[in-house]
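Chains: A, B, C and D, in written order; residue numbering restarts at 1 for each.
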Amino acid sequence: MLEITLLIIIFLNTLIYSVILALISVGLNMVLGVLKILNLSHGVLLAIGAYLSVTFVRSFLSFGLPIYTTYIALGLAGIIAGIFMGFTVEPIILRRIYERVEIQQLLATFALMLILEDVIKFIWGPQSWMITEPYLYLGNLNIGGISYPLYYVFLMVVGYVILLITYIFLNATKIGRIIRSTAFDREISLALGVDVKRVYTYAFTIGATLATLGGALIAPTISLHPGFSSEYIVLSFAVVVVGGLGDIKGAFIASLIMALARTITVMVFPELELAIIFIIMLLVLQLRPEGLFKGGR
Amino acid sequence: MVLLDIVNVDVYIGNVHILRKISFNIEKGEVLGLIGPNGAGKTTTLKTIIGLLPLRTGKIVFEGEDISRLPARNRVGKGITYSPEDRRLISDLTVEENILLPCWVSGSMTKSMIEKNLEIVYKIFPEIKEFKNRKAKLISGGQQKMVSIARALVLMPKLVLLDEPFEGLAPMVANRLLRSIEAMKSLGITTIIAESNLRYVKQIADKIVRIERGEIKEVVENA
Amino acid sequence: MNNSLFKENRLLQVINLKKYFGGVKAVDGVSFHIDKGEKVAIIGPNGAGKSTLINLISGYLLPTDGKIIYQGKSLEKTSMIKRVQMGIVRSWQIPQLFESLTVKEALITSILSRNKKIYNMWKDVNKYMQKQIIQEVTELCLSFNLRETKPVKELSEGERKLLDVALSFSLQPELLLLDEPTSGVSSYEKFNIIDMILRVALEKKTTVIVVEHDIEVVQKYFPRIIFMNEGKILYDGSFDTLMGEESLKYLLGG
Amino acid sequence: MVKTAYKCLIIYACLLLFGFIATRHIQHLLSLSLLYSLVAIGLVILIGYGGLVSFGQGAFYAIGAYSVGLLLKYYGFQNAEILLVLGVLITTLISFLIGLLAARTRKLAFAMITVAFSMIIYTLLVKFYHITGGTDGLRIPAVKLFGILPVRGRDLFMSMSNEYFIIITIFTIILYITEHVINSPLSYALRAVKDAELKAVSLGISPTRVYILAFTYAGFLAGIAGTLYAFLNAHIDPLIAFWTTSGEFVFITILGGITSIYGVFLASILYLFLKTYLIVYTAYYWQFVIGFVILLLILLAPKGLSGIIFKVYIGRKVFRKS
């Protein structure tokens, strides 16, 4: 009986952690695939989504709206933050560095990360923030005598729905396919008449929105403090490397693998909890530098 | 009536001088063969016309309008399309999605227009229909070549640029492609074919331009 | 002819060499041999497998099947760097060069590599600049009409081709493989370039294999021609007996 | 080479002189800047000459520092010179091993491998807290160099602090050695591989071997800087291994113009003083200002600080001619 409980919990933890990893790294990899820029400030987008949802949830509650509306607040915060960042950061900054050498691109997005982190501090202050209402409202689930927060299940379901919508968007809509073809071959897309500038803005906005939505979803589960997101960005590097640079589907599968590895490591050898993810990444870079799933593209 | 006029064009890639003062023109409805060995500058010429490479001096005039500084997508909008030498299909889209891509991009085409054009394309290349739902990476090189040309035709352009269209095609298919180009000609489509091999071009071109080391060597009317 | 003498003179032997890329037979059962001091031009239309053959001999690609015997040693598994040390040196069709160095520095880098001093990180380069090396650099620059102090990034396309060849010669190769040394240069420069290359090769007794598509160049400079098409050798001999120039031009697509 | 020796001696003399007049606080800052420039000088070799962007130098910095900390705590080595040598040896060895893994990759993959390594070190330092002290870090007592000179304190001439004296001395020596490295055959090979890897191979140069050597040297310098940091700072914590520290090193290198070791020397002084005073005056928003400066520099002056200086210089020359 205990074994089954354990298995269920491993399963749930893996899925939950993987959905967070996937939301941030699918977006990161999409930006990398289309714009050919590794956006070091992608992690801060997650933070912005999280912080904005604090504001939204707080104001919803202060207007006296019932707690269940805070879930709408979370979604709104994620989408608004993503669209706003997408339509400002890409046209104002990234567009100027496409022709530059890699190191300058990296450094520019690094600078952007520093700036955005302080903008967060400027708006929300250096103190910690918590919005536990949406988390507590759902209560707990009883799994074989162990109580398990239901909000995590909610997070997982919503996260997977968002990923599914993204998948459908990229595979079944015209714009989605145009984005994919631009990622695959920029030059030929130009020759087919694609407005590459606009595609870049769209792709970046979608990537950013995935991250901000991810931030909004995890916001109720953690205590937000400045700089909390810089760990997520390096985690998503690892995912992106394992999945293959620019490979969106690969990033999703790699998120699952990484989440499983982490969940198991936490139980067996907790000191290696995060290290294991980077160790897997190192191994993959050595054995299959193109990523695990190259050829399956 | 001159459709496209190329006047004293110089093109550099990096610091390398690729095209040296090239000039030629093509009449509306003509088929022009651009002939020259490997590395002579044929692909560069086509890429310059479609707008993938900038020219340093000279100008390109299309239907009386100087298009030298227009971005590629506006040139496509004016009715110029391009099928590259190395096919360059989007390998995880299906064959039909690849062909439809330019229609989706253009945005101004109605569903019925797209369907009509697609039908014409399938009439020219009937075998594409058989594998239209397969992923582009899963068809053979010759088939990819056909799809790449079909993709350039689906917009029913005024001018189509074909880079080595016969390369990799079986002789039978190549002959059919010749017939297709003739059919396109009767539809009023003007064609520039870049080839290193005279064999097929000789059979169809109205005019042959020979290019070597980035210089136009001769322009001959082909009887 | 005395058989052993014949063998002594033999530099390279290629036996039934094959290179397949998936279904594409880029080189399909090629055999020939080259003697010391020969000057050979490989010609053929687009996609005939000329460059692939050069890539196989230089070690940039490994063959699907077949043998490459160089000075009596079998090369199939030897790395490119090893082959360079054994005296097989190549140039590339589009010269990639060291843009941040000057002509002189590039040549010195190459000579230090030849002398196996290139990995030293504690000693000043000037300590290696004995008279003999300085003289060697000067001579190479003279032969190829290059100015020593000129930064590589300021060279013209013709000069880049020449530096590329000069770098190859600075390794004192036994066998020099040149992939289209005149492509990309204007028609009035092409004879000049081939002229310089062959003059130095004669002086240094270097064996040269050139991939070339310019019929005029081939006819004027190369006593032996290998004609390839679709991965196979169709002809190996002197230009005169090959066939009419017109039909050749047709085949090459000129 | 004589000229290099003079150059280094002059710099040494200036730094020495400065030590007599500067306040303790300024000396501390300058010492820290010199440590940063040591790491950045390694990056000049790796990025500027070799074209490989390492976002993992913070890890080697941390390994140097923690080698000292752990050797002191668990093995009780009291001789600073032994700690220094061991710390540098350990770091160099590890950077050689990581170099073996990383030298096969290029560009983004290389940057990511180094980030990954950095984060492994960081998480290990945090999670094995019973050994490393976790996020609280380790205290480093002032041990003695050659049994006489404590690595921290003011036992030397006038107002000069011991740590300042030790650091400027070692810094000058490294500067001198690095000048040699930059004029060595390997540096030419590095530039050759960076510009045209395939051509370098066809001249018989092995890119992997060249990159391993360069990477190891950069790790060696970061190791020296790290061990000295432990002596200087009395307290070390895992944040120095976090990837953003490595980002700072990369920034300094670019600010200094990527290929100039004197450029990064100036850049690291500029950066650390700027950062320190920004923290003093703006408390929370120093990152904003620094990020803004980086972004402006990249958008307006893509060649970095020495690029700007170069532009001004060229501008004058042109001006004079006309």
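We adopt the following convention: contacts are C-beta pairs under 8 Å (C-beta built on N, C-alpha and C of every residue); 3 or more make two chains touch, one makes a residue touch a chain.
Since the model is a prediction, treat every value here as computed from it, not as a measurement.
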Chain separated most widely from chain D, comparing mean CA positions: B
Which of A-D and A-B has more C-beta contact pairs: A-D
Geometric centre distance via CA averages, chain B-chain A, whole Å: 42
Chain A-chain D separation of Cα centroids, rounded to whole Å: 33
Distance from the mean Cα position of chain C to that of chain B, given in whole angstrom: 35
Centroid spacing, where centroids are CA-atom means, of chain C and chain D in whole angstrom: 44
For chain D, residues that touch 2 or more chains besides their own: none
Residues of chain A whose C-beta touches two or more other chains: none
Arrangement of touching chains [line / ring / star / complete / other]: ring
Those chain pairs that satisfy the touch definition: A-B, A-D, B-C, C-D
Residues of chain B touching chain C in the complex: 15-18, 20, 35-39, 167, 195-198, 212-215
Residues of chain A defined as touching chain D within the complex: 38, 40, 93, 96-97, 100, 102-104, 106-108, 110-115, 117-119, 121-122, 126, 230, 234, 237-238, 240-241, 245, 270-275, 278-279, 281-282, 285-286, 289
Touching residues (chain side chain C, partner chain D) in the complex: 58, 60, 80-81, 84-85, 89-92, 95-101, 105-106, 108-110, 112-114, 117-126, 128, 164, 167-168, 171
For the chain D and chain C complex, residues of the former touching the latter: 1, 177, 180-181, 183-189, 191-192, 194-206, 209-210, 213, 217
Contact footprint of chain A on chain D as seen in their complex: 47, 53, 55, 101, 104-105, 107-109, 111-113, 115-117, 119-120, 123-124, 127-128, 242-244, 247, 250-251, 254, 258, 284-288, 290-292, 294-295, 298-299, 302
